[in-house]
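Below you'll find the structure, written out as structure tokens, and then a few comments.
Naming follows writing order (A, B, C and D), and every chain is counted from residue 1.
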Amino acid sequence: MAQSPLQIKLHSVIFGTGTKAGKRFDVALIYAIVLSVLAMMLESIGAIERAYGPWLYGVEWAFTAIFTVEYLLRIYCSPNPWRYIRSFYGLVDLLAILPSYLGLFVADMNYLLMIRLLRVLRIFRVLKLVRYLSEANILMRAMMMSRRKILVFFSSVLVLATIFGSLMFVVEGPEHGFTSIPKSIYWTIVTITTVGYGDITPQTSLGQLIAAAAMLTGYSIIAVPTGILTAELTTEMQRERSLRRCSECSSAGHDSDALYCKQCGSTLTD
Amino acid sequence: MAQSPLQIKLHSVIFGTGTKAGKRFDVALIYAIVLSVLAMMLESIGAIERAYGPWLYGVEWAFTAIFTVEYLLRIYCSPNPWRYIRSFYGLVDLLAILPSYLGLFVADMNYLLMIRLLRVLRIFRVLKLVRYLSEANILMRAMMMSRRKILVFFSSVLVLATIFGSLMFVVEGPEHGFTSIPKSIYWTIVTITTVGYGDITPQTSLGQLIAAAAMLTGYSIIAVPTGILTAELTTEMQRERSLRRCSECSSAGHDSDALYCKQCGSTLTD
Amino acid sequence: MAQSPLQIKLHSVIFGTGTKAGKRFDVALIYAIVLSVLAMMLESIGAIERAYGPWLYGVEWAFTAIFTVEYLLRIYCSPNPWRYIRSFYGLVDLLAILPSYLGLFVADMNYLLMIRLLRVLRIFRVLKLVRYLSEANILMRAMMMSRRKILVFFSSVLVLATIFGSLMFVVEGPEHGFTSIPKSIYWTIVTITTVGYGDITPQTSLGQLIAAAAMLTGYSIIAVPTGILTAELTTEMQRERSLRRCSECSSAGHDSDALYCKQCGSTLTD
Amino acid sequence: MAQSPLQIKLHSVIFGTGTKAGKRFDVALIYAIVLSVLAMMLESIGAIERAYGPWLYGVEWAFTAIFTVEYLLRIYCSPNPWRYIRSFYGLVDLLAILPSYLGLFVADMNYLLMIRLLRVLRIFRVLKLVRYLSEANILMRAMMMSRRKILVFFSSVLVLATIFGSLMFVVEGPEHGFTSIPKSIYWTIVTITTVGYGDITPQTSLGQLIAAAAMLTGYSIIAVPTGILTAELTTEMQRERSLRRCSECSSAGHDSDALYCKQCGSTLTD
């Protein structure tokens, strides 16, 4: 289906970031998102809600109306509406207005509007011109490359937490707050991650010994994801640097400001 | 002792992962393990136990029966039964059924069945085809290479915890919760690992000063295992990456900028 | 405006660190700062304040007088007084005396005098002769180079904290201590940073599940700033170490195994 | 002063680790230290002390007698007694017996005997034959090389803690547990190091905002010592590797298993 000039014009404003109008639209959108999130935060505070409830309610619906119109316009001017609707941003855009309407029927649903904040991630699109995205890309690539190692790590942590949790359930028992295995696993995760609320604590000597072991384990294994990511990141950053090859001797690892090959002395071309 | 065809067939299904049947068996086993663990978790929750206790009891015994049969079959079809029984997985397989039978005589023993979860580690065998195991191998090797440094680190932490613990026992004393030196050591580990439950806290000024010193110590020395593992991991990954092989003597591990084989001195081609 | 000999002499003593008198002045100043800070600390302790209140009050005003004279002298002998007043240290010097005078009208203001401690940072200027500043410089440069990555990281943490916080507000609600979204965000930051006071804790099963997810997230993402800084620092330190200079064009930064200058192509001699 | 044969013999047993007798002596000593420490731990537990108090008291004095004899023998057989007495181990050896005698006059002094544990550090001397000490050496050297950076880091943390602490004292005040500036600094260190006991927590909104800022600061700056140590350790480990130089082309960076220079192909001699 061919697009009308209006659709093309709208598309460049709403989806584009290259033109001045497109950039302004995105900046305005981000302000609107942050304002609507702030309104909801204020609404959640009892004292403020009692004093200005109706006003904040009005603000919330005004933003919902604006975002609904924006969502419909996005569908209208998209060359492939269905693909937009199913995309990540399409889903976030829908979720950013849905709870308002559901809130008419179910109480407290409107607080889920905080998901609107995810839309702020578009900010990185606006900032594309500066180098933020390339930084995020290195981070992303390092994470993607270490995702298998991190998966292995996380499954080990969960298996560990389950076994420690069951052990503590048997040793401490319901009378010391370890009322069930899921709750004991919750306690183990609180302990291994070194959060340590202190709402449940071991009371028996054996329990405290096992807890100390869990703590030292958690304290040590935090080194694992850090080590993985750092090693990956160092390699990634060094690779960025070493992507230049000499056309004469095809040696790599030249600095980005090198003019001559450091192995054979011939001129570097790119 | 020669094996019968039945034994050979069974062995390839139960122990093997190369054939389709072998892989299916392992996947089914993992489902069974996870289900039996979930059943036990539910059983540990008071409300659910009161409502569905007999059902969950039945499920537990059904899985125990299945795992007992599987254990016997493994012994039967193993070419060297005794070696299997004494192997790591053989012991885990036994421990995964034993608490059920012991639970008939001693209360609460059945929760130790959570050790069944360790059997899930077999999952890495099933996933052998993808690269998870090789990732785990790099992690393993890096840990093995830094095990001496980590041992030195851990003994220092324990000595430190004991000395800080005794100091706090003398300074704070039983009236502030530091009832004995072992309990003070437990407190020190809670503090040094930055878990910080808050079930025991220093009350005197001197105690708080020592506690602050212990915290800063703990906060700093977490850098040590991280640094060790990261350095080891970086080296390991760079070696892995640089697995250039010499076409003459097929030795590996040449740096990416090496011109000659470091083992036989012939020119490196790629 | 030309400076009088007195101004030049004073300037070399007060601002300089090269002469003996200048160094002595700075050391005396640091002692005065630390003493005045200690006096204020003592004053904040109820029992001591009741016993020695007037004395400490006198000490505080004595130091305020000294620092006021010093501030005026600095303005007087500075070749460009306005630039000094607006500089970082100029503002700190002003803030270090202002609260005393404001404290005459508003209660408790005088404790803000603790900002005097910032003046101790001058100590690095005195220690310039040793290599402390160059160390701080490497740290600074590594941080500057990773500031974009760290900004991306911090905005992600804040967005994450807001979403987790809203979710917990809906799930747990005011009756379990999550009285508003800002307070829930406070709780989320307490949890993600693994501080874990335990003043607010999730009570429902769903809340504990979400809390466990938040903890594991926080436990993992601490790897990100560490990884970024370490990778940057390693690169920075290796560059520093490899400051080989070409004897022809005096360009620096050649790798330790480079044979030819990468800038002019001539052979490297050392 | 020439040493008698007895002194020489004793010296090789007590101070040496090369002979069989010397090694056995050290191992026996470590057992004695660990046992005496365990006895003291048991003594600190109320119930055990009431039941076996006199026995444990006897054990403590027996070990004190043994260690006193050992200390006197060390002085006797040392070629330079005075240097031994003032050495680190000499002081530890003295401190390991002193509290017993002081405990005759002052109560609770005997718990300071836990300092005996420091004597266990001698274990590294016994294990000298394996590579533990060389591992500890790399760690030590990396720490020594980064000591200036770590000093800069620690002073910044302390200044930061003092300023945050004073701020919280003004904002929260004594009625919320922040009774004095030293106590507020204690709270800040508990927070920045992510320990988070929860014995003192901010109650006002402004206090919680400042606390959240302190947490995020603490969460981020833990990256600094880790980054410093890791970078230093990586460099140190790579330097270990690159200490081999080719005698022909004097290029460095050869692996420890390299036989030929990777730059010029000639044989590596050492």
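The rule is simple: contacts are C-beta pairs under 8 Å (C-beta built on N, C-alpha and C of every residue); 3 or more make two chains touch, one makes a residue touch a chain.
All of these numbers come straight from a predicted model, not from anything done at the bench.
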{"item": "Selected from B-C, A-D or B-D, interface repeating A-B by over half of its contact pairs", "value": "B-D"}
{"item": "Interface residue overlap between copies subunit A and subunit D, same or different (over half shared)", "value": "same"}
{"item": "Angle, in degrees to the nearest 5, of the Cα rotation that carries subunit A onto subunit C", "value": "90"}
{"item": "Most widely separated chain from subunit A, with each centre as the mean of CA atoms", "value": "D"}
{"item": "Chain pair with the higher count of C-beta pairs in contact (C-D, B-C)", "value": "C-D"}
{"item": "Subunit C and subunit D: spacing of chain centres that average the CA atoms, whole Å", "value": "29"}
{"item": "Centroid distance [mean C-alpha coordinates] between subunit C and subunit B, Å", "value": "41"}
{"item": "Where subunit C touches two or more other chains, by residue", "value": "182, 194-198, 222, 226, 228, 230, 232, 234, 257, 259"}
{"item": "Of subunit A, residues touching subunit D in the complex", "value": "194-198, 226, 230, 234"}
{"item": "Residues of subunit D defined as touching subunit C within the complex", "value": "148-149, 151-153, 155, 159, 162-163, 165-167, 169-170, 174, 179-182, 191, 194-198, 201, 205, 208-209, 211-212, 215-216, 218-220, 222-224, 226-228, 230-232, 234-235, 242, 251-253, 263"}
{"item": "Contacting residues of subunit C [partner subunit D, same complex]", "value": "37, 40-41, 44-46, 108, 111-112, 114-115, 117-118, 120-121, 123-124, 130-132, 135-136, 138-139, 142, 150, 154, 157, 182-183, 185-186, 189-190, 192-199, 222, 225-226, 228-230, 232-234, 236-238, 241, 256-257, 259"}
